[in-house]
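These are the structures, in structure tokens.
Consider the two complexes below, in which subunit A is the common component and subunit B and subunit C are the respective partners.
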Partner chain A sequence: MRPGFADPVLDAQAAFRAVMEAMARPGRVLRLAAPPAPPPPLAPAAAAALLALADAETPLWTDAPEEARGWIAFHSGAPLLAAPGEAEFLLATAAMPPLGLLRAGSDEAPQEGATLILQVEALRPGAGWRLSGPGIAEEHRLAVCGLPADFPAQWAANAARFPRGVDLVLAAGDALAAFPRTLRIEEGG
Partner chain B sequence: MLSRPEWIAALARASAEELATALAAAAPIPPHRRLRGPEVGLTMLRGRAGGDGAPFNLGEATLTRCSVALEGGPVGHAWRLGRDCAAAEAAALLDALFQAAPERAGPLLAPIRARLAAEAERTARRAAATEVRFATLAAMR
Partner chain C sequence: MIRRAILKAIAIPGHQIPFGAREMPLPYGWGTGGIQVTASILGPSDVLKVIDQGADDTTNAVSIRRFFARTAGVATTTRTAEATVIQTRHRIPERPLREDQILVFQVPMPEPLFRLEPRLAETRRLHALADYSLAQVKLYEDIAQQGESASSYNHPVLVNGRYLMSPSPIPGFDNPKLDRNPALLLFGAGREKKIYAVPPYTPVKSLDFDDHPFAPMRAPHPCALCGSTAHYLDEIVTDDRGGRMFVCSDTDACADAAAGAPR
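And now, the complex of A and B:
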């Protein structure tokens, strides 16, 4: 088994700060200074976000294989679920689970919506989608490689049920970006 | 041959000096690395009134835990009361070594287990000396 954060306190705080910054500035790509070295196929940024957020009180779902599941269970202590529908945090290393099936919270308790940490192939700022919404002054551009073709439609459906919905953290290598549920995505241009 | 619960119980209750002695006797120590800790935290101690009543929270105690992995091999864990990080790491390392070679646990831990058994017996004797048998009391009237 591999170790988690080299410095469990400071590195976890730095990862938490990075996720918070990414959520506050949707679409901005942040690089983590000292992510852990998780077993494959986990991306360092995805593992760092998970270890910073998940603990024994957050049911977790992941599609990762056995060795990675063991690593997550040991270092985060989060209970692993078989079905994605009940999880508070999800880590998808391959296919994205349909956003409509995940926990979206209720109008009274929208904070109970799930957070999906999704590993993608690459995050390229400056091209691709036009992002707008709270946290973006005018417009931000980001190209994401490795999302399903119907992602913009799924995301529009997710945004339409505000304040309920799912928040997304995209991880590629040691970089991450966040799509909070308030983000609007326009294609092309 | 000791079972893993038996040797973990002995490692959790051994003193720091006893662990250092056992670790020195277990040499050579194969290469290993820390997976987690040693780190100090708190644990809630739970008690039961009279030993069999409803559980209640007695209070918190400091606890030190450590996990180490031998190269390409087993993972050793240790959770010990107190704040002795070196002792927790030694206990985790011995747990990993014993998983690789269970037959070594008995001889290395024999002095620790003997001391623990003697202390438990002494405590049991002192408690037994103060026992009041209510049935006997009733018969004496």
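And now, the complex of A and C:
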């Protein structure tokens, strides 16, 4: 079994601050200084976000293979679910589960919407999509490699049901970015 | 658990997220919500400033600052410009905040509809439906009866055009600073067990009417210490014969202005 955070308190705090900064400034790409070294195919940034946020109270779904599942279960303590629809946290290492199938919360308790940690091939700031919404002064630009072709349509549907919705943390290697449900995406020109 | 609540609060600007507030080593009303939020985000590279009604040198501010210096070993300051995390009770610093700063508010009553609808189950439904007619009728009655809004502090705001939010009891003077602020604003209510947030650059509009725009109020005096005509003022009674003086509520901004140059 590979180790988790080298320093469980301070590394979890640093990972949380990175996720919080990413969520507060959507599309900004942050690099983690000391992420754990998880078993493949987990990305260090995805593993760090998961260990910082998930615990025994958060039902978790992941498509990761056996060794990675064991690592997640041991270090986070989160109960692993077979179906994505009930999970509070999801970690997708391969295909993105359709956003419409995930827990979106209710109008009275929209905070019960799921958080999907999604591993992608690359995050390239400064090009690609035009992002706007809360947390963004004028416009952020971000190109994400490895998302399904219909992602903008799925995201528009997710944003349209506000305040219900799913929030996204994108991870590539030791870098991460976040898409809160308030984010608007326009195809870049 | 508090960290998860903070993330959802950022994702749903102005919406109150319930959380399991913990026992704190001080009574409710002294900043238990703010301390829990600060403790959840604070790291070794942070510099913490704590203010109570704008002042760094009041009992509450000194105690909380010492608490975090002792328990977390974090660096502390009284200078707004040097701080990365500022915990505040009832004020927003005069010096404009930056992107790398986080402002944590201590909130006694997070529900903006509290005095209009006492049932929490009902206020949750009103927020879900974005039905804020109660607050608008209250504002209308204030204006009809007194010619202006009766709330000089804690004037409700609409966040990102969707959620009505209590700005915590900051004076109306500070309400415009909430709008499109570069810093992340986090609100913690310990007794009421709620966390909410305003992300950076989020539109925040004080509740008003087109023909009665929101008008922040400031005492029409210069500060007796630094002479500022722009800072928010406290009125201080100096004797029992009606003597009084007006001084800046933000002690750091006042010291800067008195020293003559912005540092």
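We adopt the following convention: the second predicted complex is superposed on the first by the 189 of 189 C-alpha atoms of A that agree within 3 Å, B and C clash if a C-alpha of one lies under 4 Å from a C-alpha of the other, contacts with A are read in each partner's own complex, and residues count from 1 in each chain.
Following the convention adopted for this analysis, a residue touches a chain if its C-beta (ideal position, glycine included) is under 8 Å from a C-beta of that chain, and two chains touch if they have at least 3 such contacts.
No experiment lies behind these values; they were computed from the predicted model shown.
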Checklist entry - What is the contact status of A:Phe74 with respect to subunit B (first) and subunit C (second): first, second, both, or neither? => result first
Next on the checklist: Just to be sure I read the superposition right, which of the two partners does A:Pro163 touch: subunit B = first, subunit C = second, or both, or neither?
Outcome noted: second
Checklist entry - Touch check for A:Pro110: first (subunit B), second (subunit C), both, or neither? => result second
Next on the checklist: Looking at A:Val19, would you say it contacts subunit B, subunit C, both, or neither? Reply first, second, both or neither.
Outcome noted: second
Checklist entry - Once the shared chain is lined up, is A:Ala137 touching subunit B (first), subunit C (second), both, or neither of them? => result second
Next on the checklist: If we overlay the two complexes on their shared chain A, which of subunit B and subunit C does A:Ala52 touch? Say first, second, both or neither.
Outcome noted: second
Checklist entry - Can A:Pro8 be said to touch subunit B (first), subunit C (second), both, or neither? => result first
Checklist entry - In the superposed arrangement, which partner chain does A:Pro180 touch: subunit B (first), subunit C (second), both, or neither? => result second
Checklist outcome for this item: Comparing subunit B and subunit C in the superposed model, the one touching more of subunit A is C
Next on the checklist: Counting contacts the way the document defines them, which residues of subunit A are shared by the two interfaces, the one with subunit B and the one with subunit C?
Outcome noted: none
Next on the checklist: Show me the residue ranges of subunit B that touch subunit A in the complex, using the header's touch definition.
Outcome noted: 33-36, 39, 67, 69, 75
Checklist entry - Of all residues in subunit A, which touch subunit C in the complex? => result 10, 13-14, 16-17, 19-20, 23-25, 52-53, 55, 57-58, 106-111, 113, 115, 134-137, 162-163, 165, 167, 180-182
Checklist entry - Tell me, which parts of subunit A touch subunit B in their complex? => result 1-4, 8, 74-75
Item to check | Partner subunit A, residues of subunit C touching it in the complex | outcome: 1, 3-13, 15, 17-18, 40-44, 99, 124-125, 127-129, 160, 162-163, 180, 182, 184, 198-202
